[in-house]
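In structure tokens below, several structures.
Here come two complexes built around subunit A, the first alongside subunit B, the second alongside subunit C.
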Partner chain A sequence: MLRSFFLFLFLAFASVTSRAQEIEVCKTCEVKTIQAAVDMAEDGDILRIKSGTYKEHDISIIDKSLTIIGEDFPVIDAEMKGTALSIRAENFSIEGLKIINVGRSHTNDFAGILVSNSKNFEVKNNRLDQVFFGILLERASEGIVSGNIITSDAKSQSTSGNGVHIWKSEKITVKNNEVIGLRDGIYLEFVNNSEIIDNLCKDNLRYGLHFMFSDHDLYKGNIFENNGAGVAVMYSKFIDMQDNQFRKNWGSASYGLLLKEINDSELKNNIFEDNTIAISADNTNRINYIENDFRNNGYAIRIRGAVYDNNFKRNNFLYNSFDVAYTGRLNNNKFSNNYWSGYSGYDLDKDGVGDVPFRPVTLFSYLVNKTPEAIVLLRSTFIDLLDFSEKVSPIFTPADLMDDQPQMKRISW
Partner chain B sequence: MKKIIYLFLLGLLTACSNEPQPIDYGNDNCDFCEMTIVSKAYAAQAVSEKGKQYKYDAIECMVNDQLQHNYDMPINLVANFEQPGTMINVKNAGFVINDSIKSPMGGNLAAFKKESDVVNKESEDIFNWQELKTIFLENDSLTTSY
Partner chain C sequence: MLKILKYSFYDLSRSLWSYVYFFFYLLLGVVLLFLNNDLSNAVITLMNVIIILVPLIGTIFGVMYFYNSREFTELLLAQPVRRSSIFLGQYLGVAISLSASLILGLGLPFILYGIFQSGAIWDFASLLVSGVFLTFIFTALAFNIALSNENKIKGFGLAILLWLFLAVVYDGLFLLSLVYFQDYPLDKFSLVASMLNPIDLSRILILLKLDISALLGYTGAVFKQFFGTGLGAFTSIAVLILWVILPVWRIKYISAKKDF
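Right after this comes the complex of A and B.
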């Protein structure tokens, strides 16, 4: 009886130790390469990678739940040959690695970290530099990508990849990452029920954040600065956009936010500052724009064709060259209770609401829409005169496009 | 004097040529979806009879644009997937639709030279330009999979 009890203890102990086995990898350790450590590891093991440079690529982890921890950012140098690390597993985490020199290709999506057909994982606090694609998720779910810093030089390369690229996945959280100098900072294609929170996307070649065919997603608290365009939301629905900052997206065809074929979404408490076009909307239906700030943009909002049931409420339009540019008819879009810095009306009954409506679309913006070259006349007296006469009797601009209740004071939210 | 005038006229004529202009990757925007054109393996371009240039980030964008607006362009070029950066005329191209091809607008579509091994493999997913247009017309949507 006693013997069998000891045997039980021994077995229990053995199973515990084997479950939490730790493998150290370093140049002077028994295990010298990460691939070797992966090959000998069992489910549940911890791989502790000491600092140093590991010239390895196409390290692959298949069906093993591992915890990989880098100490003092060990460098995985893929030497421009393919993907650095690829994983297909459940319940794993990768932390504290530095991955550099990922291979480039026109037809293969080489990545720093490739996660495919995986579930329940965490990729956190890694640094990726000189990568093609940074972190690439395919058919993944319930994953967290957080605290990673991804940098590259997409602008000077003939081919470029995205920082965090997610494809056909769901329930992914992308949080606190910095993505600088890639093609798209964060790219989502067929990604549902996911959250993009508190990221910084800067100096990317194309978009800071890019949605394609993705529904029921939230992005919140992100900063998009100096990208080709800030954010593009295309062919998606039920997207929640809150507390983001869109800044310094300058260029002849540059946008803070490009909305194309998007439905049933909301923009709230975002700040648009110093963009050529803060928002360009094309084929957007049932969108609420509530309490956003538009400061010093070329155009605050440019509405293109087929835009229905968009509500603009309690926004601040501050010192934009054009507040609203419009093509076509009003189409059930509403502007109400906004603050317009260009409003020159009065408030005799002192209720905080201007007594005459504000017309945000000027004749000049209509003209510029038709003939872009006319922009050279901006701020000329002649144009002021034109705009004034149009304001008095609207002929070219939609007569019913106005804010009936323009606020006298800037709205604080 | 006459010679100079002829030369001048010649200059005028060549200035109005209908030659396709190369795509400026990273700067040119797609004429259909407005995305910046970055992928050399999937881009497409067309030139109208009057010489107007149309550039697209994906072949599916060119097809959709032409179908929606009823354009019929004299010159249609698509990127050669096997030699990214080079363009081939659609008449000499075979089109492959396959899930493994991640074209920018979700069409899973790429173009190959007709002589290419890929096109000559027996498969149901290879089409010529006319067949491709028919497929898009039948699906009547942006992508084949959406």
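Right after this comes the complex of A and C.
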């Protein structure tokens, strides 16, 4: 009794206070175009777009807090003419639209949904197909981009855009999106305190995820598969990378994860599988690599110059052609408590830790680093002999680069 | 010649060694497939075995067979048969029976495992083709050595040395020159150097077929570009055929002049 009374009160209150109006858009309705509906609408209105095809482009929403809901994925066909939907507002949400045929240009960044100078918004469950840029956020904050499926058929880098492109923004959550066949799957530049969670980036021309000058971000649970060059994280600090899968980034200039000028970050519980180079680290400082799996990669870890205080702990290195390739001095980088499938030592005291240290850098990987052409001798008998003798008594490879507590059993995490 | 070929072939197919060789490959194939459960991994491991063992066995077996059947050869020489057909027949008999052991020994387990339904069929085919080529090449080289050396010990020693050189030492010299001349562009050089050695050539042909090719980086791209084209495929097959023809021609040449 009391409950229904409150409910009544609440409903009465709500109907008095909210002037929220619902505007329906369809071919047979009073309002036939989305732009007209937007022009009519006032703050707080709901635009309900019925299914159908709307040949409209450059629909712009300025300073109106609208809720746009598409029913059964109404199609907005931009007819290759420009941006489909551009928004500059606060407190809005866009849901359930299908946007196709966004214009391509060398001078303008046309996008399916362009959000600029906005705050507190939600772009969710939309489908974008044949787009130049998918969802483009600039100078935005506190937004959520979730559940969108973005596809295109990018052919060359100069004539294609990025799936989710975020520039100069803050506190953005990108979640559960699928980006397939664009240039970069997800691109972040000057984006701080944001989260990239559970996305799938597949078959993109360049990177699955491209991270530039962005600090204090988390990316977690994403799958990056068969992209041109995997994931690049550059010039950033305090990045948290967890539970991601980097797969099948094969190609002569391809890698799972490229780290360049990254500081104070952590990689945990990631899986790297079938990549030419799983991690290429260049100029990275104070990074912790903990409990990651490296399976069947060409190189598991390739360390280029100026890498200091990197910590590799409790990782599984399984059947990679090269576990570690290393240039330069040891520089206080540490390998400890990892499991190496190539380890052939023994454990007499049965404490699960091998009694002989493992040296992950083979002479051949050292040689290949110096003379890249030597790679043609991969898997030849002479190289196997060479590696064996170097293993017995290291002369060329850094003698102190070793894991002195190699695990006997694969680490489960 | 066909008669002698047939005779050598039947002789060898009754020989214990052919069966040992056959069962060795059979066992290898079965064990690899059951341990790996992954066809393309098995192909990679097999490649390692093939580029070492096939040449070694071809050489040893060739020399051994030649020395062992010497009395019979002398008997044949007394008959009105052409010299070239005696030696070529024997050579083909050995090479064909070794190849048959290889193909059957590896083929059976892989066929039972279902290679025909798998995408790895072409990798496997290229593996077998290079294995057969290596058998023909190294048996011919072994016959050459045996023909030129009456002394068995010396012949065996030379045969082993030849194998050691092509399988191991050549790559060492190759690597040394790569490291020594690293300031120069080495793509062309490494391309040519790996074409000259049949073992290296077959290794690279198989590697390029497999997924690993992406690992080869820039140099690999150069190789792939070359071997991927019709010209490259033609050249590499031509080089392999040349490696067979030249020693065979020399067998014919020496056997025609040799005083028994």
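Everything that follows uses one rule, which is that the second predicted complex is superposed on the first by the 392 of 413 C-alpha atoms of A that agree within 3 Å, B and C clash if a C-alpha of one lies under 4 Å from a C-alpha of the other, contacts with A are read in each partner's own complex, and residues count from 1 in each chain.
Quick note on the criterion: contacts are C-beta pairs under 8 Å (C-beta built on N, C-alpha and C of every residue); 3 or more make two chains touch, one makes a residue touch a chain.
If you're wondering where the values come from, they're calculated on a predicted model, not measured in any experiment.
Asker: Output check: A:381 vs subunit B and subunit C. Expected answer is one of first, second, both, neither. What do you get?
Answerer: After superposing on A, A:381 lies in contact with subunit C but is clear of subunit B.
Asker: Looking at the overlay, what does A:234 touch: subunit B (first), subunit C (second), both, or neither?
Answerer: Once the two structures are laid over each other on A, A:234 reaches subunit B alone.
Asker: Have a look at where A:350 lands relative to subunit B and subunit C in the superposition and call it first, second, both or neither.
Answerer: A:350 contacts neither subunit B nor subunit C.
Asker: Have a look at where A:250 lands relative to subunit B and subunit C in the superposition and call it first, second, both or neither.
Answerer: After superposing on A, A:250 lies in contact with subunit C but is clear of subunit B.
Asker: Regarding the shared-chain residue A:258, is it in contact with subunit B (first), subunit C (second), both, or neither?
Answerer: A:258: touches subunit B, not subunit C.
Asker: With the two complexes superposed on chain A, say which partner A:212 touches: subunit B (first), subunit C (second), both, or neither.
Answerer: It touches subunit B, and subunit C stays clear.
Asker: Can you pull the subunit A residues that subunit B and subunit C both touch?
Answerer: Shared contact residues on subunit A: 253.
Asker: Enumerate the contact residues on subunit C facing subunit A in the complex.
Answerer: Checking each residue of subunit C against subunit A gives 44, 47-48, 51-52, 167-172, 174-175, 178-179, 182, 186-187, 189-190, 194, 200, 203-204, 207, 211-212, 214-221, 223.
Asker: If you look only at subunit A, which of its residues touch subunit C in the complex?
Answerer: Per the touch definition, subunit A meets subunit C at residues 250-254, 276, 298-299, 321, 367, 370-383, 385-386.
Asker: Give every residue of subunit B touching subunit A within the complex, in rising order.
Answerer: Contact set of subunit B toward subunit A: 25-26, 29, 33-36, 38-41, 81, 84-85, 102, 105-106, 142-143, 146.
Asker: Flag every residue of subunit A that touches subunit B in the complex, lowest number first.
Answerer: My answer: residues 106-107, 109, 155, 158-160, 167, 183, 189-190, 205-207, 212-213, 228-229, 232, 234-235, 253, 258, 260-261, 280, 282.
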